[in-house]
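Heads up, the next two complexes both have subunit A, just with different partners, subunit B and then subunit C.
On to the complex of A and B.
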């Protein structure tokens, strides 16, 4: 990562909603972060912390007009001449209820909407749609002619993500896009997203209230509270500070909690595990040390 | 149990588009009795019938075959629809669909106002309900300006202000942050244990399922597993087969049990695992 330019750079970003009205609310009061190409980064924080406000800056839905800078792929988004269309092809955003992003009758048409608007030739559009659908695990042949309203919740989310991937973005932002889907679809989605990250080198920004998912998917985490960056580090570093996380409305995965508690009782040196597998190994050592 | 169940679901089958050539069968011969004070958690994938079942409990949907009885009233009897709906309050997944007013406290007051209660009682209920979900400081705010988690707490307060006998939570914690979720779970637990409210919670978070005294697992319109949380979650392989999660403490206990059969496989909580490991570690030393 050293020596590479961040693909997204945020410096001391501030934002107020309804600026200049009596209803003005301060949403961001100093957010700083750097995201490098090919990284999977988590943005976590309690509801209302400002996470969605931050990521909506990344594809130009909100423009930095006050203090602070947002630079995406070398472009300063405060510049009024920014090519927003180009930016939105580069940075794909999937919202909290991605199924609400679907609007066409047929799945294939919905996924094709972006590439069509880019003015690509028909066979290229078709190719991109096929590729994007297969990337999220929707078979092109089986799903392209399905009515969008007949899809299950999980399939709708996959279709919405495919619609964003069809633009071939460099950065994929998932803003709580896996909340409320069932465990089967969630596992499938997480699997596909980590494959996109690992095999295609896609930069992934993952906003989620689910600490288990964060532990599984991302390498690095930013914690946002009250409109500010309050913690950052590798997933393991951040999860090694559970008291602070609780103060910010968050927590750690239960397996992390078990091992922390055992360490506190002197059963093992301070250790932060982030998966059940690691937890099992740590506890196994304790059990065996007592047997000898 | 000799006591009359507060909700009884008898041989219920439900089909969407029942009259059409291609009915979609969502529930297949469901039988279920809930007693006053029960805390039932329903887990299962999208499309397994959980929400369809929940919507039968306050007459939002009526069985294609079979009957649902709420406090002895058949949901098919239109005379009882209002009584049933004030007995069984429901909170859905997307709070925006459930919020009607432009101020938080007005939204919570909407239900009690429609019951024709005196203003002091309405005021008392609004304050209590907002307090329970920890939203009292937001009473003068506009709901649409709140975050998703805060909105959900307002929606829950709105239902609680109706003082129903039964509270149905249909994935209502899906959008909350961990601490917010714990606050809501705590409030629901308090309602269940202290106020005797019967709770039915649909969730995808398996550790929430350990909150209840009963769990049912649904798959393809049927109840496929049923029991206490410990009975259900100890069947790790069966749950994995259904591609459902188990709570992480249960998963690690189960994995340790495989390595060492004397380690109990059916632990549910962080505390139980910690105590078990400490007990064993201390014993041999």
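On to the complex of A and C.
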């Protein structure tokens, strides 16, 4: 990462909702993070910690107006003259339950909404729709003329994510976008996202309450609690401090917990594993050594 | 710049916890007083009476300790409508509106435009009335919880059940509608943000923003309707799962009882509104 410019830089960000009303609430009180091009970064924190508020700053849905700075691809978002449309093409944000944003009758038309708004020629729009749909595992030929509202929940979600990918963003933010679908769809989605990250070099920002998913998908993690950045580091570093995470209302992946406990009971040298595969290896090692 | 925070502008229907005199009043007293004053507003068309009524409404706001700025911010989304309405009234009413206690006089006649002192008066009185009604209705919902409102309305309608008025159901319909205003506003905010994130021209400053928004309303309305129907179905299911039957011999945990403050407020405002209504033609201007 040395020597490279961060694509997103957040410095001491503050934000209040319902500013100037009796219901004003403070959501952010000092968030600092840096995201480099091509990285996959996780943002974790308990409900109400401010994760969504942070990521909505990244594509200008919320603008920094109190203390703090957000710089995306060299542009300071506090500047009122920022080209918001260009920013939103660069930074694609997928919300929780993104299937709620679908509105067109046919799947293909819905995915084409963004590219059409950009004023691209028809061939290009078609090409982008095809590409975006294949990226999330929806066959273009089979799905483009299906009625949107007859799709299954998992398919609707894929179509909605394709609608954002069709903008060809440099950064893809998923704000709890994999929660609430069946396990198979979730697994497929995670597979597609990690492929996008690895093959196309897409920068991925992944917000999720599911520690297993975070461990599987991202390289680095920021922990947010009560509107502040409280921990950061590589996924392995952060998950090697389970006591701290528990204090912030979070946990570690189950396999990490098991190996951590085995180590505490003296069965294993202290290690942090973050995938089931690594855990399996570590456990086989003690089983083999106790057998001999 | 905070283009998406609707709840900052929707003040009606948003309960603001507090412990002021207005908050503590019996909901039946509050609903009655609101009705009395609305009747008085409806009948009074003179400047003086409307200024008095506006001052009375301002008095309520002060008593409730809710910031006037907050309630006034509820006017913001309605300003375009008020302005268009005012222009139409000013230009086209002409002689059709007879001013209060004065002869109709033409101020300007130019082609088809005909402005009289009557139409000027109408514009001013309409704006005053709008403010009065906004203060009253916001204040009622700002200081009363939804369940208090429902129970209050139901209690007030119960005497009519003998002649077949479904008081409980009417109260339920009314409060469900009110309760859903902030919920739908919040949902609309989410949908707007989601559509803006994939290229819709929402929340971007530009010329003809108004026209663009109108054209793009479809990308908001379709998802919003689907969501509203889903929520309505969920609500029905939840009510049926709890074996809900409209108001049959249901007892209440908290029984309303008029305190002295309630009686004083009730009769003072009844007398005030009655006087304003009866002597509506006695004001000099």
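Here, the second predicted complex is superposed on the first by the 292 of 292 C-alpha atoms of A that agree within 3 Å, B and C clash if a C-alpha of one lies under 4 Å from a C-alpha of the other, contacts with A are read in each partner's own complex, and residues count from 1 in each chain.
Assume a residue touches a chain if its C-beta (ideal position, glycine included) is under 8 Å from a C-beta of that chain, and two chains touch if they have at least 3 such contacts.
Predicted model only: the values in this text are computed from it and were never measured.
**Student:** Going by the touch definition up top, name the partner, subunit B or subunit C, that contacts more of subunit A.
**Tutor:** B
**Student:** Look at A:68 in the shared chain and tell me whether it touches subunit B only, subunit C only, both, or neither; answer first, second, both or neither.
**Tutor:** neither
**Student:** Contacts for A:84 in the overlay, against subunit B (first) and subunit C (second): which applies, first, second, both or neither?
**Tutor:** second
**Student:** Would you sort A:286 into first (subunit B), second (subunit C), both or neither based on which partner it touches?
**Tutor:** first
**Student:** Could you say whether A:163 touches subunit B, subunit C, both of them, or neither, answering first, second, both or neither?
**Tutor:** Touch status of A:163: second partner only.
**Student:** Does subunit B (first) or subunit C (second) touch A:93, or do both, or does neither?
**Tutor:** Second partner only.
**Student:** Just checking: does A:21 make contact with subunit B only, subunit C only, both, or neither of them? Give me first, second, both or neither.
**Tutor:** So A:21 only meets subunit C here.
**Student:** Kindly classify A:117 by the partners it touches after superposition: subunit B alone (first), subunit C alone (second), both, or neither?
**Tutor:** second
**Student:** So in the superposed three-chain picture, is A:103 touching just subunit B, just subunit C, both, or none of them (first/second/both/neither)?
**Tutor:** After superposition on chain A, A:103 lies in contact with subunit C alone.
**Student:** Which subunit A residues come up in both lists, the one for subunit B and the one for subunit C?
**Tutor:** Of subunit A, residues 17, 23 contact subunit B in one complex and subunit C in the other.
**Student:** Going by the contact rule set out above, which residues of subunit B touch subunit A in the complex?
**Tutor:** 44-48, 93-94, 145-150, 171, 174-182, 204, 206-207, 243-245, 247-249, 251-252, 255-256, 259-260, 263, 270, 273-274, 277-278, 280-285
**Student:** Help me check something: in the complex, which residues belonging to subunit C touch subunit A?
**Tutor:** 1-2, 4-5, 7-8, 14, 16, 66-67, 69-70, 73, 190-191, 193-201, 203-204, 218-219, 222-223, 226-227
**Student:** In their shared complex, at which residues does subunit A touch subunit C?
**Tutor:** 17-23, 56, 59, 61-63, 65, 80, 84-85, 88-89, 92-95, 98, 100-103, 113-115, 117-118, 149, 163-164, 166-167
**Student:** If we count contacts the way the header does, which residues on subunit A are in touch with subunit B in the complex?
**Tutor:** Per the stated touch rule, the residues are 17, 23, 25, 45-48, 96-97, 152-154, 176, 179-187, 209, 211-212, 246, 249-251, 253-255, 257-258, 261-262, 265, 267, 276, 279-280, 283-284, 286-287, 289-291.
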